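Down below are the structures I want you to see.
In what comes next, chain A is part of two complexes: it sits with chain B in the first one and with chain C in the second one.
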Partner chain A sequence: MTTLALYPFSGRLSSGASETARVIADGIAQWRSRLQDSYALGQRAKGSLTELCQVFDDCRHANWDGYGARPVAESAFRLASQFLEALPLGTPAPSVGAEPDGHLTLEWHRSPRRTLSLSMSPEGDLHYAALLGTSKRYGTEPFCGEAPPVIVDLIGRVLTA
Partner chain B sequence: MSDEGAGSPVTDDEQLARFIFFRKWIRHAAPDQTVKPDAFIPHPYPDLSVTRHKHLSEQERWRIGQGIADARPATLYGRADIRAAEVRRQSLDVAPRPAANNPNHADVIGWPADKPAQKMIAQELATQANFVRKALLT
Partner chain C sequence: MPPRTKLTINVDESFQHLPHAPIVEAVIDIRSQPTVAFEEATFKPQLEAKLGGYEYLDSQRTFQHEFRVEAGKPPSAMARDMGWQGLRFQSTDKKQIAQFNRNEFVLSRLEPYQSWEQLYEEGMRLWSLYVELAQPVEIKRIGLRYINRIQLPPGELRFEKYMGPAPAPPQGLTLPFRGFMHQDTLEVTGHPYAINVIRTIQPSGDSGVPGMGLILDIDAFTTEEFELNEVLLKRHLLAMRWLKNKMFFGSVTPMALKLCQ
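So, the complex of A and B:
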C-alpha cells in the first residue's frame, strides 16, 4: 500500500508518494491558493503579499535605511511570500518591514507587551522574538514550506489574550 | 550647537535619539505612532548609532537628523527617543563616539552576536522608545 504523505493544509508532498497522492496534493494546493483570495481567510486578499512586494521594492538596493543596510535578497522575498501563504487560513495579516541585515520582517502587534516579530533570512531561517506580558520567547526555526507550529502558536497567543 | 561635554560619559537619565529614515519602521496604524523593533537591529556595524540629546535644543536635534539624511541621502521621518537607563537594562551600554558632523554621536554597544537575541533586545527597546515625528525646521 502506498502511503499518502501530505502535510496538513499545504498540499505539499513528501518524496516517494504515488501519482494519486500527487493529484490530490495538487488539488489541495489549488484549493488553498483560491482561498488566499478570500478576504476572511487569505493573506493575498488582506494585502499582505502586496505590502511584501512594496517593501521588497523599497529595500532591494543597498543603504535603504540610511545606515548602510544590506539589500533584501530575492530569496528572502520569495521565502517570505511562501511563508505567508503557508500560514493557517484565517490568520490576521501582519505588518511587513525589513531589517538592516537584509531580512524581511512580519509583525503581529496587539500592544507593546503582546507583540511578535519574525525575520525571514535569505537562507530560510525564521528568527522570532515575542513579548507576551511579562514573559518573552525568542529563537530560530527553519522554514521548509510549512509554518512552524511554534510560530503559529505564538501568533495565536499574541492576538488572543 | 555646543560641543560642551560631547565626549563625556553617558548618564542613565540621558535621552538618546535613533533617527528613522525608513517609513516602515513606524507603526502607522497605532493610535499613537510607535516604532518597530526593526529600527534597533545593529547592522552593518556591531553597534547601534544614536545621538545624545545632551545640550541640544529640539531644533538642533532635528538639524543633526536632517544633516545625516541629506548626506546619505535619505528621508528623515522622525526619531525614536529612549533613555540610556533603558538601554543598560538590556545589558547593553552607551559609548560616546563624537563625529565630525555630530559631536553628540554615540553607539549602543555590547550586543549579542546571534540574531534572535538581538531581536529580543530590540523588542524591549522598542517598547520603551518614544516616537517623535519629524518637525518642520525653520
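So, the complex of A and C:
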C-alpha cells in the first residue's frame, strides 16, 4: 500500500510589511524551494510546473484547439501554479490540461472509478469532480493561497484507497 | 494525541499587560473577491479622497520570473507582468501600512504596537472603505497575525530560556545552533480556525542591533468562508485574538516576559 505524506502548511501566511515579516517569508520560501526540488516531495521536481507552463504556452491564444476554444488566461495559469506549490509536500503529480472554456485542469487518476479532476478558473474558483468507486463528489472551492482541505482529502482518497 | 473535543474560547479572559510588548508587526488580513471592476485608474482617486492620514506608497504588480537553461543555448531570463494587484498606503507617521489589493485588504501596524482597540478600530475603518469601493459579498479568509521579536542578550544561544518548545540538538551531538525555522499548524477543534506558528531566529545583522532576535510568529486564520457580516467579522477577530494570546503566553517563559516589562 502506498502511504501519502500530506502536510497542510502551504507556506502562505497572512501578509506582512515589516523587515521581520520579510525575513520570515524569505526563510519559508527557501525552505519550500528546497523541498520543491525534492523528487520525493516537490511538484517542481516532478515536472508538474513545467507541464503547466507547456500547456499554458500551447493554449494561451484563442482557438487553440481549432474548434473556437477560449484562451487560457494568465490569471488561471498563475493561480494553478500557486495551487500546485500550495499542495501538501509529497502529493503525487497530477496530469495537466486545458478546457475549451479557458480553464486549466489538473487530474489525479488511479483507475476509471478512482479519479479526481480539478478545473481552475481565472477568478480563482476550483471546480472539482471525483469518482470514488460508486460514490461521486463534486463542488467548488475558492483558492486563497492554501489548498482547500476537501481537495487534499480527495487526492488522498483517490490515490490511497 | 490530545482529545478532539471542542475548544472553549473565552474572549473575556484577560492577559498580562506587557509595557514593552515584543510585537514588531500586527496584521489584519481579510481576503475577498470584488464584485465590481477593480481598476487602478478609478480605484486610486476614489480611495485617496476617503483615506485620511495616509499617503500613497506604491502600486503593486505581480511579475513572474522565469529562467531557462537549455543545452546548446545561452541561459535566458524572462519577466512576465501578471498585472496590477493593488495599492499600498502608509500613515503619515509611517507606522501603519494599508494594502488594498484585488483579493485582499491588509492593515499592518509596525512597532511600537499600541493596543488591540487601536488596531481593530483602524482596521475596521479602512475595511469599510474597501467594502464600499470593491463591494465584496463574502469573506474568504480572515487572518490575524502577530509577529513577535524577543531581543536576546548578545551571545545568548540558550533559546529554551525564553521559549518553549525550543529546538534542541540531537542526543549525543551537542552542537550550537546557527539557525532554525520551526513551523506548526494547529487546528482549533470545534471552530473554523487554525493557527500557523513559526519559531525562528533573526540574526543580529538583519535587525541592526546586537544579539539575535527570537521570532515567534503567530498567525490565526479562518478556515471557512462566510457572508459579509460585520458582527460575525468582529466575533471572528475577537476569537482569533484570544487564540493568539493563548499561543503567545503558552510559548514564552517567565524570563522572556521579564524582558518585555
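Descriptive notes on the structure:
The rule is short, and it goes like this: the second predicted complex is superposed on the first by the 141 of 161 C-alpha atoms of A that agree within 3 Å, B and C clash if a C-alpha of one lies under 4 Å from a C-alpha of the other, contacts with A are read in each partner's own complex, and residues count from 1 in each chain.
By definition in this document, contacts are C-beta pairs under 8 Å (C-beta built on N, C-alpha and C of every residue); 3 or more make two chains touch, one makes a residue touch a chain.
Note that the coordinates shown come from a computational prediction; the quantities given were computed from them, not determined experimentally.
In the superposition on chain A, contact is made by A:P149 with chain C only, not with chain B. When the shared chain is aligned, chain B comes close enough to touch A:D58, but chain C does not. The partner of chain A that touches more of its residues, comparing chain B with chain C, is B. Touch criterion met: A:V96 reaches chain B, while chain C stays clear of it.
Of the two partner chains placed by the overlay, only chain C lies in contact with A:E74; chain B stays clear of it.
By the touch criterion stated above, A:T20 is placed in contact with chain C alone, chain B being left untouched. Looking at the shared chain after the overlay, A:T115 reaches chain B, while chain C stays out of its contact range. Once both structures are placed on chain A, no chain A residue is touched by chain B and, in the other complex, by chain C. The residues of chain A lying in touch with chain C in their complex are 8-9, 13-21, 23-24, 27-28, 31, 53, 74-75, 78, 123-124, 142, 144-145, 149. Against chain B, the residues of chain A that register as touching in their complex are 55, 58, 63-70, 95-101, 103, 105, 107, 109, 112-113, 115, 117, 119, 121, 125, 127-131, 136, 138-140. Across the complex, chain B meets chain A through its residues 19, 21-22, 24-25, 27, 29-30, 34, 36-38, 41-45, 49, 68-69, 72, 74, 115-117, 119-120, 122-124, 126-127. Touching chain A in their complex are the following residues of chain C: 24-25, 27, 29, 31, 33, 62, 64, 66, 80, 82-83, 97, 99, 103-104, 106, 108, 110-111, 140-141, 143-145, 147, 149, 181, 183, 185, 196, 198, 200, 202, 206-207, 213, 215, 217, 219, 221, 223, 225.
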